[in-house]
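Labels for the chains are A, B, C, D, E and F, by order of writing; each one numbers its residues from 1.
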Amino acid sequence: MGAVVVQDIERADPKVIAGLAAAGVATVHEAQGRTGCLASHMRPIWAGAQVAGSAVTISAPPGDNWMLHVAIEQVREGDILVLAPTSPCDNGYFGDLLATSAMARGCRGLVIDAGVRDVRDLTAMGFPVWSKAISAQGTVKATLGSVNVPVVCAGQAVNPGDVVVADDDGVVVVPRAAAAEVLAAAEARLANEAAKRARLAAGELGLDMYQMREALAAKGLKYV
Amino acid sequence: MGAVVVQDIERADPKVIAGLAAAGVATVHEAQGRTGCLASHMRPIWAGAQVAGSAVTISAPPGDNWMLHVAIEQVREGDILVLAPTSPCDNGYFGDLLATSAMARGCRGLVIDAGVRDVRDLTAMGFPVWSKAISAQGTVKATLGSVNVPVVCAGQAVNPGDVVVADDDGVVVVPRAAAAEVLAAAEARLANEAAKRARLAAGELGLDMYQMREALAAKGLKYV
Amino acid sequence: MGAVVVQDIERADPKVIAGLAAAGVATVHEAQGRTGCLASHMRPIWAGAQVAGSAVTISAPPGDNWMLHVAIEQVREGDILVLAPTSPCDNGYFGDLLATSAMARGCRGLVIDAGVRDVRDLTAMGFPVWSKAISAQGTVKATLGSVNVPVVCAGQAVNPGDVVVADDDGVVVVPRAAAAEVLAAAEARLANEAAKRARLAAGELGLDMYQMREALAAKGLKYV
Amino acid sequence: MGAVVVQDIERADPKVIAGLAAAGVATVHEAQGRTGCLASHMRPIWAGAQVAGSAVTISAPPGDNWMLHVAIEQVREGDILVLAPTSPCDNGYFGDLLATSAMARGCRGLVIDAGVRDVRDLTAMGFPVWSKAISAQGTVKATLGSVNVPVVCAGQAVNPGDVVVADDDGVVVVPRAAAAEVLAAAEARLANEAAKRARLAAGELGLDMYQMREALAAKGLKYV
Amino acid sequence: MGAVVVQDIERADPKVIAGLAAAGVATVHEAQGRTGCLASHMRPIWAGAQVAGSAVTISAPPGDNWMLHVAIEQVREGDILVLAPTSPCDNGYFGDLLATSAMARGCRGLVIDAGVRDVRDLTAMGFPVWSKAISAQGTVKATLGSVNVPVVCAGQAVNPGDVVVADDDGVVVVPRAAAAEVLAAAEARLANEAAKRARLAAGELGLDMYQMREALAAKGLKYV
Amino acid sequence: MGAVVVQDIERADPKVIAGLAAAGVATVHEAQGRTGCLASHMRPIWAGAQVAGSAVTISAPPGDNWMLHVAIEQVREGDILVLAPTSPCDNGYFGDLLATSAMARGCRGLVIDAGVRDVRDLTAMGFPVWSKAISAQGTVKATLGSVNVPVVCAGQAVNPGDVVVADDDGVVVVPRAAAAEVLAAAEARLANEAAKRARLAAGELGLDMYQMREALAAKGLKYV
């Protein structure tokens, strides 16, 4: 298949993307039928960011960040870079210079199943990253990979243009074609939660609010 | 044995529990003969909490949080929920709605050898959690487990009503029957530490303060 | 070979050490040819410290912190303790009392491929630690090790007197004899980065600034 | 999307599948451009099997093997079951009874990013399995999953009907549409290897046979 | 509590123990309600052993095998040594000399959540071991532990005299008091399996044999 | 420092190397003061090999096996290749063609803190490998490393010409200069073991043979 850069990818509606960002990872994940979460080793390098964007995907060799430079040219306002190494690697592929360049293109963040470095600078710049590792170990620029091809990142298939949502709970991917429908389900869910929260805060039990007692008894739960 | 909920558990004296919370994990662990620490993968989702409480234990299947709803009904003021999955799992069993409900019952925190989610909300609510993972991956409510039975959580046996102490160093469990004795030993230890700290701060060496030189020489340590 | 304490070690020039601290881990690592990074599991217990110092090395048995007391006597102003257990261990070898003592000797920090405890106190004291784990699990004082011998810590060979640089990106070790040369290379690198950062911030692409397009095409990268 | 069983999947030409089995994992992986290898934690439960077959995929909840029973009905002669749990799990989803049933349907093996049990029986039966774990820990039958939908298994996207090749080196997946082309490339590679092997056995160096000396010198390799 | 050796422990009926050995780990685990499996990292050092015996438990410090010598004196014909380190450790606590001594006392095997060595000798001797690691790294004899106290080994609570069953699937522990009842359930299960195996081998589907179709449809499974 | 190949390395006396091979890993490790064991994740790809040889070391980038070709030219009869990647990597750096070439040069085996492939062929050829992983994932030939420089492999410093001993217990490294002395200590140890083994086999307890009872009592061990 060779090394390719796909230049024209479709993206979801920016309003839908904004709605998914506002809903957050846990809600979006539930709204699409409990699918799409990246592995729990993907952690934010600083707390508090909550973003969504269109995936510009990168398939890169272990220890080689050349394709990040190629990918940044493909970034448009509102995109999120998603890098999947072709085998497990914790090197620091990305630091403050690449972040400066990415931000200049309107990039909203990086999701990388490998390492990053310059985390103090990235934090000061407000550039959010979800990664497997933090490592100063540098990379080379010797071997090609691809940009905007389907990848598997941290256990999830990500296609270019899919919507990536990320916050302190981790990262979830929403297939581009399903984004509007997932947003509708997420918003319905959120509307529902405020009322539940108030009832639980007032001391009502989930056992009663969700009417679980009968099902538990039918399954054979014994109180002793 | 089947799925059971034990409703009547004994708890330690609240004053003893408060004393153990004040002493903190490292001191309590030493005071009971260097036993009781949960595995080091149990980390707080936010820094700074230091609590102790009576364990309400939960044995739950992987990927199924039904028993958390059952357990919350058993919580009394001052309890801590302790969840052990029956096999390794990093799913997010617990989020802001369950925390709201648990807090309404007086719950002081959650210790879970699995994942939690909504960590930004949990942090804002001041609800402390010590967990193996942070993950938005949701769970089902399909299979029974048990509440207030003996469990093994992160490598330690925990019985319902045992005192769980948790802070930024992790989590330690104190058998209920030993709690008063452990507190006494912890307080003796603390009384002793202030004087030691002052001497060390003044430049006295541990080698001298603890009179280690002779034992080291006897073992054969050579200075070259 | 037996258990030894080497008392007289050579150290690098304090000005060079200060320069390396200012350059930071990622830059120093690149400046010495992308070598010397400790494994990425070595994380700071609190964010924001950036230090360098001369390594006082410790080879210690698993679960035994006796040699830390011995090592502290060997610390001079500006040193960093580097502890390598002789087999994998996550016990909490070091806490606030040892930190008090180390600080009284002018110690700038601890790098330990094992665990530490009292992390809230260590944070409040401003004593920086890079470790594999945080654990309250205590250690014994029963078996000898050595101080100021060559060790392998988190995958890197460290000799006594080598310069250890540590910040939020992790830890890098610089051989003592190479320190001045590495500093020169690091400073040249830093001088170069400000200009690059400005160009990238202005929207210039790395592809153009680093003149990568030709090499990528020669390797066969296809744009589609 | 809900839980579905796709009953009609396309499969590759049996002759192509047989050819890929004969070529083996490493050769097939190279022949398709070094792609498609599942993670290295996927190990055979017994040594010596070398198979290929059409993937019947299973997406299953953690700790729940209900969908395996559903999937076996979909198996045709020459298929391989591929199970991906929806979150990390090491439970023993599969044992000798399921293997008996699968073999009766012509199933050639199981690839599972989770655990299996009854491994002595499976070995005696000659039923090959590549798994993440061996565990007697049983599963429930309570929650739906899907059969013959796209999954990510051990880091690779697998579509129903893709060709799965497995041997002592692990597992590789070949997209169904590419199977014939990959086989041709694999056979060309194999034809080439015998001659190389003979030259290397005779003492010729790879440096000479592959004409690497000039490129190494150009990159700056120094002999000292 | 201090370091103790409990000399008089109760053991289960040897005939029951023999029955549990014959049933094997997976069956015993199911027969006691899917409980008691040790973590899946506990693997046999050689394939084919299938044993059961009474647990002589050992709580030992990391890197210190002194208590193994103490424990061997407590072994009676038919016992299995169960060693749990007080914190994670992969050292080789046990080799051919200790095995010679243990076999001379009638010991049937070792279950150790740490490492062993001399595995070629142990294999030749026919002494079975289930361990977390194989490592030549030796241990010291400097710090006390305890023998025949309750321990947690690889995630399961084990009491002295409990029945430990181990085979190629791993290790399961049966509380002594429940052993006879569990054996009865295991034998009922086994009696049942032969018939099932024959029907499945004849091509009957589990979906039909276990009458799952209706429940699957009720849950909403769709065939497309 | 750049990429170098050191062509002239000193090796230990072949008779000493043969003696160390005969002694085996565990004995050699004890004989040199319990030092030198590589991490326990280094496992043989087939059981039963027991070898020693002079280390020809390789420092290689992640996912790049170019330096293996370079290193094979440096191999003399009786050498063992030792490859340390510069960051964690599980790729299959080595397969049957490289083994054919290495064997033609008299190479006795490979120790690699990464992956290998073609393990069925390597087994049939009788070429022993100790590795971290088995993986078909291929590597590139794009970036230089070094041959016969000091490396850290699986946690141990290895210098070119050091003696590497490997068997089913793992791998130990003996500094070249110490090899004769370590062999003498190992042989003394072995001479001693036969007598001990006979006494233990006859039922004598280690407690008595090693005269441990008094020391245990002095430490406070209580029999109850």
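In the analysis below, contacts are C-beta pairs under 8 Å (C-beta built on N, C-alpha and C of every residue); 3 or more make two chains touch, one makes a residue touch a chain.
None of the values given here were measured: they were computed from a predicted structure.
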Mutual neighbours - chains that touch chain C and chain E alike = B, F
Any chain in contact with chain A as well as chain C = B, F
Averaged-CA centre spacing for the pair chain D and chain C, given as whole angstrom = 41
So, what's the distance in Å between the C-alpha centres of chain F and chain D?
-> 31
Round to the nearest whole Å and give the separation of the Cα centres of chain A and chain D.
-> 28
Two or more other chains in contact with one residue: find those residues in chain E.
-> 2, 34, 37, 86-88, 90, 135, 137, 143
What are all the touching pairs of chains?
-> A-B, A-C, A-D, A-F, B-C, B-D, B-E, C-E, C-F, D-E, D-F, E-F
Of all residues in chain C, which touch chain A in the complex?
-> 25-26, 29-30, 34, 37, 40, 43, 47-48, 50, 167-170, 172, 193, 196-197, 200-203, 205-207, 210, 212, 216, 219-224
Considering the complex alone, what residue numbers of chain E touch chain C?
-> 61-64, 86-91, 135, 137, 140, 142-143
Given the complex with chain E, which residues does chain B contribute to the contact?
-> 1-2, 33-35, 37, 39, 86-88, 150, 152, 155-157
Note which residues of chain C are touching chain B in the complex, please.
-> 2-7, 66, 69-70, 72-73, 90, 92, 95-98, 100-101, 103-105, 115, 117-120, 133-138, 141, 143-144
